Amino acid sequence: MEKQFEEFKQQLEDSGNVRERLRIIVADLDSVTRVMQADLLQVHYSSRSPEILKKAKSHIGKLKELYGQLAEVIKGTPGQYYRYHDHWRNQTNTVVFLIVYLNWLETGNLLSYAETQDTLGLNPDEFGLDIEDYLIGLCNVSSELPRYVVNQVTIGDYDCPKRVSKFLSDLYAAFRILNLRNDFLRKRFDGMKYDLKKVEEVLYDVKIRKLDSSGSAIETKQEAS
Amino acid sequence: MEKQFEEFKQQLEDSGNVRERLRIIVADLDSVTRVMQADLLQVHYSSRSPEILKKAKSHIGKLKELYGQLAEVIKGTPGQYYRYHDHWRNQTNTVVFLIVYLNWLETGNLLSYAETQDTLGLNPDEFGLDIEDYLIGLCNVSSELPRYVVNQVTIGDYDCPKRVSKFLSDLYAAFRILNLRNDFLRKRFDGMKYDLKKVEEVLYDVKIRKLDSSGSAIETKQEAS
Amino acid sequence: MEKQFEEFKQQLEDSGNVRERLRIIVADLDSVTRVMQADLLQVHYSSRSPEILKKAKSHIGKLKELYGQLAEVIKGTPGQYYRYHDHWRNQTNTVVFLIVYLNWLETGNLLSYAETQDTLGLNPDEFGLDIEDYLIGLCNVSSELPRYVVNQVTIGDYDCPKRVSKFLSDLYAAFRILNLRNDFLRKRFDGMKYDLKKVEEVLYDVKIRKLDSSGSAIETKQEAS
Amino acid sequence: MEKQFEEFKQQLEDSGNVRERLRIIVADLDSVTRVMQADLLQVHYSSRSPEILKKAKSHIGKLKELYGQLAEVIKGTPGQYYRYHDHWRNQTNTVVFLIVYLNWLETGNLLSYAETQDTLGLNPDEFGLDIEDYLIGLCNVSSELPRYVVNQVTIGDYDCPKRVSKFLSDLYAAFRILNLRNDFLRKRFDGMKYDLKKVEEVLYDVKIRKLDSSGSAIETKQEAS
């Protein structure tokens, strides 16, 4: 009986060591994402200045490095990615949010699943991005957009609501075709409807006041005269 | 004692099998309603094009078929409709919403309880529509309307708020005569007041800016002069 | 729209009236069961005196009358037994407990499902006893037995633990063959294991001290000399 | 965007189908283990009759078959054993309990981890037994032993406490060398201390009354004189 438990002891310690190594890497991931988030707060109060985006993007190299370390640890325990998944899941949701949001601020497009993996330097054969983690990251982007639109209109970008409304309604429609059996993901997706509604209300406010570029600046002036 | 429990075992298994069959049918209902909801998202961003409505309506045959299957299962357990009601309740609320909303988009009228049963091919003697399920479906329609009005005004249909406000205030008045003892239904109905308020605010925005067809651009200028 | 809602009003009121009538009958059921339970408390402190059981049994007529009233109300709403089941479910669990416990005190046997229905004057075609309600009632009997055994030994009935242990282990074994998908019932059944364990520990205490009738009275005397 | 989500839809459905297949197999596992547990209840009330153990063991072939089915499903999703582990974890804890308990009843020895895998026909390269699942199964065996000992003494096997106490104290000592970081396993192990204490108390009761085979009736008389 004792010999057997000595083996268990060794295996539980090996697994404990894996968890310890993951914990340290994920703590570093947490630091980097907090800095990126702080950098990205600036986009709410300025036009989308290339400097802000550049600064936020400068951390991506560090993210790549940390995911490389995660992959290295997991390579050492073949077939056990999902055994340890809980360790990096939350951080990865945030990382996807940051990467996809940044790209959207720059290009107005949705960074695809494959592009997101590329950006993080992930090799799906070794350590891929869980699809649900990607989708939760997209829900996080959605929940950031209402505040972004409100602040952009405040600083005078009246065309922003239309762009965001289009992007978000497309994203919402795409999600609707999924059969979400994962309760957490389904709940996060339910929130997207309210994000979209809020963005549409801002678009409405701008439209009804004819503040956007398709409205007649002249009429607005007349009204004000 | 054992013989008796063998009978219980059989009966619990029979009931378990009924639940299993219902679960599968309701999962199919879920798929169909998700597709219909995705189709109907389009009405927010376009005028009520007959194509969109036609596409959404094309799924009604499948709904009928699935309710036929539910009825078939329930026919096998006479007098136990309400024993298993929880299985299809939520989906049925959504189905009523879709059917009634679709009809309202097409005709501007409220699809009655009897017409809703007909549309779904329900025979009340075998498998009817619970009245409270119908009423909750109407509350779901109500909660969709503020967003609809906002989006319609955004794309320039300034007469929409008046139509919706009339429909929703009639519906609200009709509900007010009911003595709602069902807590869930009462809570959902409480939300209707806020839906109506929001729609009335949009109508006010449009009226005060004389954007609806009863106003005119000239009047606006006069006001400004 | 109004005419339709007038009909809904009527139907919701009819259903409200049914609930009101059920509530009153169930409140009466509650009174009767509380008196019966108070009567049965005496069995913990006396041998199973026929007077106590007779007194408790004297209320069964009233229970029959009240179930007759429930059946009458439900006969007026065909096929809706399970719509209103929640109203009498808890009380019925208690009633089954009382009837089955009383019978066990008297005969040492388990009152069967059919006998329980008979005792309550139920006609299964009109208003039967839900099987799960019967089973939960049995779990309630189980949870009463450890205390009963402790108190019986205290007042000197050293053969009681053996009888109870036999009854309860048979009941436990019978339950084990059921596939309990009802979460509440499964949870109640889980408690039966602890009831049985407690009863077995009392039996052990009695056995190891050779206090039961199979133990040698002489040995006990010697030990005491 | 749509094409990408079509792919997600497919992958989520594939994963949903895997879960559905696992759910059905695990429900079968549940049925088999319930019958085995019911069979094993008999060992509490009789000496360890070979017939009872034989009957319980007769189900092992079915368990093997079901684990073969689980392995088949998991082989179809390489590297995702731990993604779906939650589906069979609870049932597997119970299966380990049954297999190890049965073997202990027969031989008085602990069935090793490797032997448990063999008994279930598991090929560790395809679908192994998680070590923590094995250890939790052992904790379940421990928590059955106090009741077993109490009942064996009740039916006159006064040497049983000594055997069980030895087995359980060895098991407890073996567990103590493990560094249990898994909260659930640690909590289950904490209970083993109380199981051991209870068994030791029974052993004490038997010893102090000189009921075991090392004591004698004469000694008892001497003590009393």
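Should a chain be cited, it is by its letter among A, B, C and D, assigned in written order, with residues numbered from 1 in that chain.
As a working rule, a contact is a pair of C-beta atoms (placed from the backbone, for glycine too) under 8 Å apart; a residue touches a chain by one contact, two chains touch by 3 or more.
Chain labels with UniProt names: A, B, C, D = Translin.
Bear in mind the structure is a predicted one, so any value in this text is a computation, not a measurement.
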Subject >> Farthest chain (mean CA position) relative to subunit D >> reply: B
Subject >> Same-site or different-site touching of subunit A by its copy subunit B, using the half cut >> reply: different
Subject >> Separation of mean Cα positions, subunit C and subunit B [Å, integer] >> reply: 44
Original post:
What is the distance, in whole Å, between the centres of subunit A and subunit C, each centre taken as the mean of its C-alpha atoms?
Top reply: 56
Original post:
Which whole number of Å gives the spacing of the CA centres of subunit A and subunit B?
Top reply: 33
Original post:
On subunit C, where are the residues touching two or more other chains?
Top reply: 177, 179
Original post:
How would one label the connectivity among the chains shown: line, ring, star, complete, or other?
Top reply: ring
**OP:** Go ahead and list every pair of chains that touch.
**Re:** A-B, A-D, B-C, C-D
**OP:** Would you mind writing out the residues of subunit B in touch with subunit C in their complex?
**Re:** 1-2, 4-6, 8-9, 11-13, 16, 19, 78-83, 85, 110, 112-113, 131, 135, 170-171, 174-175, 177-181
Original post:
subunit A touches which residues of subunit B in the complex?
Top reply: 30-31, 34-35, 37-38, 41, 44-45, 147, 150-151, 153-154, 202, 205-206, 209, 211, 220-221, 224
Original post:
Which subunit C residues qualify as touching subunit D in the complex?
Top reply: 169, 172-173, 176-177, 179, 197, 200-201, 203-204, 207-208, 219, 222-225
